[in-house]
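Both complexes below contain chain A, partnered by chain B and then by chain C.
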Partner chain A sequence: MEVNMTRVRPYGDTLDDGYMQLSFTLPVQCNAEARKAAELLGEKMGLEDVKVVYSDNIADNFSFFVVYGRCTHSVDMTAIDIPKVDADFMSYQEINGFIEKHIGRKIVVVAACTGTDAHTVGIDAIINMKGYRGEYGLERYPWFTTYNLGSQVPNEDLLAKAIQVNADALLVSQVVTQRNIHIDNLTHLAELVEAEGIRDKVLLIMGGPRISHELAIELGYDAGFGPGTLPSHVGSFIAQALARTIRNSKEHTKGVYP
Partner chain B sequence: MRLDIDMAFVDRARSAAGRIADGIQPTIEAYTTTSIERTVLRLLGINGVDENDVPLPNIIVDQAQAAGLLEDGIAYWIGSAMLHQGLSLSEIANALAREEVSFDRIPRSDHDTVRRVIEHEATRVCSYIKGRRLQRERLIARSNSGTPPYLYVIVATGNIYEDVIQAKAAAKCGADIIAVIRSTGQSLLDYVPYGPTTEGFGGTYATQANFRIMREALDAVGRECGRYIRLVNYCSGLCMPEIAAMGALERLDMMLNDAMYGILFRNINMQRTFVDQHFSRMINAYAGVIINTGEDNYLTTADAYEEAHTVLASQFINEALARRSGLTPWQIGLGHAYEMDPDMTDGFLYELAQAEMARIIFPEAPLKYMPPTKHMTGNIFKGHLMDAMFNLAGVISGQTIQLLGILTEHVHTPHLQDRYLAIENAKYIMDNARHLREEITYKKGGIMEKRANEVLKEATSMLEQVAEISLMSAIEDGMFASVKRERTGGRGLDGVIRKSERYYNPFPGIFMQELTSSDFSPVLWGNPAKGQGRGAE
Partner chain C sequence: MNQSVSSAKIAATPSRDDTKNPIDMVVFSGANNIAVVGLAKNSGKTVALNAIIKQAHAVGMRIGVASSGRDGEKLDAVTRLPKPRIEVQRGALVATAEKLAMSASASLEPLIKTKHVTVLGRLIIYRVNSPGAIEIASGNKASVVKSVTELMRHLGAELIVIDGAAGRRFSSAPSLADTTILSTGAVVAPTLEGVVSRTAQVVEILTCPQWSDPHRQRFDPESLTNQDVVLISSGAMGNHVEELKVKSVLVSAAEIIRQLPGPGSTIILGGALPGNLMRDLAANRKARGSTVVVGDATRILATHRDLSLFKSRGGRIRVFHKIHLQAITTCPVAPDGRMFDAETLLDAVAKAIKHIPVVDVVAGKTRNLPGYHETTGDETGGGGVA
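After this line comes the complex of A and B, so read on.
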């Protein structure tokens, strides 16, 4: 099977058949007209051979549809360029060895769920001793000193702690993303760090189920970690990024605050 | 017995939980809090806001605290002010808020005279709340109660009017219970927002107006469907007792109301929380509200297999504290959750063992079973299957309240169709396996029986350890949810006030008189004779 990377389309059971499945609700009574409306909507979305395979009235004036159709569009994947976190992922042992060799002191990390966000499950998985999916959290690493400030931490408090303990990296977790509240919050923190004049002293890192590295770069962070991230991923990035900075500036400035 | 559980350990655990609760009781008795005093004002009918949207209860209680008078109870001082100025309650409240009257200028009135005036007002509001409870009982008697597990879904649009649309749709699909999720962060507000609200983050603000709007909507849809649709909100955070009062006035049916959740997961001061939970639970008890405890939270931060005993230990403590606030056993909706890693071999057996164990240990409690959340990934297809297994465990083990899992958990707050699919899933599984529970028995000495007894033994030894060192010390040591909290740390300690000998609050006396009378038996589901809706036996 030869996939043409310049025009990639969905695969049902034959290359380039374009089959897609969707389900959605329309705020109207479920009847023949509504089913036709669902079909037309599929066509407007660029599907052909649209089939409404299931429909049901799910409340007064709300109908639910399952729809199949063949997508007429394709994408050129050779033209896609996604920024990725720049790190070779290492194991627990390798990371500790790397820090000992290239940095020679403990790396200080301050972490929190900031703003009104009360969901610490992500930050706890990365930081706390116990870790996630059988991997230890950074707290367990002999070459990391971690401060997990918990949930609903004001950006100002996170920054104050970072300055107090000469943090090398700030980890911010954002789980609640309704109405893009996380964007405001993350932007605010970046501005505060900038205003304190310590942006070049500290790695700014964000994480969460709706976070991407692309978003991180856009908001002026050093890295963004999405779903499935393990503590060692974050640890590898921090260690390598810090080592790079140390190499680049003969004077070791990370973690030394004005 | 369905699963052979060593009842000697159950007795030991329950007695340790009793000692734990007794240990904390002197603290609860010795203190009041700003939120309790604000609740007193709310119950006395003072619930407006000033032109800056600051609630009158906050203004007045802050004034009394600044004047150093709160140790006598706001009821005493508002009564004194009424008598001195010759004004009614609402007049004096407005005069204080506008600073036309100041507590500094109010002399102490004769205690008995104050009590007579305030007691009169308090009795009136209590009979109104009792009336709301009896109204619920009439509505339940008139409607089809259905069969447990009762289907519980959440709405969380941020806009109360949009919530109403979603809630009505869910009720028509078959939901029995609707919870309106609060806006993120409300638990840390030291006041209750006012009026109908249309903006919230990840949920809708709990306000008395929002409670009323949703109550009316659910009553209307309930009439249409011939069922009583129950309404839930969050009686937690810094305003725990105030929310209880609002819920009692607006006939909410259930309240999330945990004795330790705020301490562990919201870093609210422990003294504040223990004092607040006691008064809020008295109000809930009197209003005929079912409380839902939050043990599921232990498993979102820790492994569900390894930490199962902490859930059970917390259930015993919540039960003991709730009983001391006058709640009947069938008002204590203890929480637990289906949160084991789906990759675990025999995970379903362990889940079912623990669900059966909870059912046996707390036979009268309307247990609230929480769905998988931690291991939901965004793969909605697998998620829907996990929710189906959870529903099967719920119906087999005879849970009372089933908080339905939603296939888009981890993606967004539920859309209309997500809730429809969740209810369809639950109805299919539960109807299909309705009487399976009566047909099966578990293998003697099998995996499940061993598991349940292991968890029970671990919980018992944990409770005995906590009883030994006291609950507050145990929390300081990080024995719950691996979170350490200081006795004088966390939010809200500045609102904890030692009571004077003259302290006066008319409500605990009125509530407890009713709650301890032998004929106090609120009807919460249909068929009280059949055990108040507990799982089919």
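After this line comes the complex of A and C, so read on.
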């Protein structure tokens, strides 16, 4: 099967047939007119040969539809360029070995769910001893010292702790993203770190289900981790980024450029 | 823009016709580094930036472009809606990551490979050889942005523009930029009143007045770090100055307040001014009528509410270096499709913030131009022509 990466289309029964299925609710009673409306909606969305394969009332004046149709669009995947966290992902053993060799001391990480956010499941998966999906959390790593401050931590408290323990990295978890509240919150933390004059000393890392590395870069963070991230991903990034900073600051003193 | 302008070398105050729009006026203002910052993402920073780049090119000025975030990308990182590209002209200098330069439609010639390696790769200073669109990211830290703008200056940039990152305002610090443009718009709040009041609050913080006390000469604000706190009290036996070493004001607020000699003292902070300090000072009798001094307004990270609480107890906030806010831009459209009438928004913002020119770059309309508005006499109303 030869996929044309410049014209990728949905796969239904055969390559490039474009067939796809979608489901949605309309705020009307389920009847013949409603089914026609669902079909027309599919056509407006760029589908051909639209079939309403399932429809039913789910409540008074609400109907649910499953629609099947042929998508007329394709995407050029060779033109997609998504910034990704720049790190070679290593295992638990490799990360500890790397830190011992290249940094020679324990890495200090302070983590929290900040602002009004109380959803600690993400940050706990990355930091806490028991970890996530068969991997230990950073707390278990002999070459990491971690502080998990928990939920609803004000940015000021997170940074105060980081300063107290000379943290190398700040991990911020943001799960609640309604009305983009996470952006204001993350922006404030970054501004606070800069205003304290310690931006050069800490790695700023954000994570959460709606977080992308792209957003992290835009807000001036060093990395952003989205869904599916494992503790070793974050650990690899911190270890390598810190080693790079140390290496650069050595080069810096040698005076590479004017 | 105006043909007669491009041939003349710009030095003195331009004629009124050439300065209808303060964004254009910025180019003539004698500014070296202009920071374009916003109240939020999608508030119109890149549109303002493009207007400055275009005007500078029209008058033959060599421009340098930097971004403290990532700008000129095709789609918004959050809304996935199309964003304005950054359009650069021949002769301009840009500081961006190598990877982003490769996908630019402008043709670029690398001049200097900097020592800075960002999350997007090494930063390189390029000269634009043929005009086009480009994505710019010049480092996510003040130290890096400062370094690359200085390099562009060495390479001959006459006017440097630094695009802001989302709602971040650190690039407007006087150590990075001598002139600031603030963008606001419908994205800031659901109602017109909300947009106006939030904008006015940010302007109030950004334009925080300078500390003019005779003691000022004694201090070199650049040498103060977040571990430095200075307490000055005036008593019967003259002034008493006490220099404290703390972990940070974030850690040691209680200790600082304990050391406060009494009401009416001055507290100099080498780092940030956080909200909890404002609340703690407001709650303490010993801190009544005190003055808190920070390096510049970008260090003020307390909310307007916390600042107001402190001020209501007789407190004052001052800065070592004042930010010169040259103009405010308004954008009537929000990415979710909400829209205000452009002129209504412009008028409302201009009415609330009388001392600063307000411009709708797209509509080409301006309010509060110096010399045009009736209410004069404000110390910050000079625009930049003077």
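The rule is simple: the second predicted complex is superposed on the first by the 250 of 258 C-alpha atoms of A that agree within 3 Å, B and C clash if a C-alpha of one lies under 4 Å from a C-alpha of the other, contacts with A are read in each partner's own complex, and residues count from 1 in each chain.
Throughout what follows, contacts are C-beta pairs under 8 Å (C-beta built on N, C-alpha and C of every residue); 3 or more make two chains touch, one makes a residue touch a chain.
Because the structure is a prediction, the values reported are computed rather than measured.
Placing chain B and chain C on a common chain A by superposition gives a fit, with no clash between them. When the two structures are aligned on the shared chain, A:F24 is found in touch with chain B, with no touch to chain C.
After overlaying the two complexes on the shared chain, residue contacts for A:L41 are found with neither chain B nor chain C. Once the two complexes are laid over each other on the shared chain, residue contacts for A:D117 go to chain B alone; chain C is not touched. Among chain B and chain C, the chain that touches a larger number of residues in chain A is C. Judged by the touch definition given at the top, the superposed model places A:F64 against chain B, while chain C stays out of reach. Judged by the touch definition given at the top, the superposed model places A:V165 against neither chain B nor chain C.
Legend: residue contacts after superposition of the two complexes on their common chain; A:I246 is shown touching neither chain B nor chain C.
Here the smallest spacing between CA atoms of chain B and those of chain C, following superposition, is 12 Å.
Contacts of chain A with chain B, set against its contacts with chain C after fitting on chain A, share not one residue.
Within the complex formed with chain A, the residues of chain B that make contact are 158, 168-170, 172-173, 184-185, 187-188, 201-202, 265-267, 300-303, 374, 377-378, 410, 412-413, 415-417, 420, 482. Against chain B, the residues of chain A that register as touching in their complex are 23-25, 56, 58-60, 62, 64, 116-118, 120-121, 124, 128, 130, 150-152, 176, 178-179, 181, 209, 227.
The touching residues of chain A, counted against chain C in their complex, run 81, 83, 86, 154, 156-157, 159-160, 163-164, 180, 183-184, 187-188, 190-192, 194-200, 212-223, 244, 248, 251-252, 256-258. The residues of chain C lying in touch with chain A in their complex are 40-41, 68-70, 77-78, 103, 112-115, 117, 119-120, 137, 140-143, 151, 154, 165-170, 225-226, 247-248, 250-251, 270-276, 298-301.
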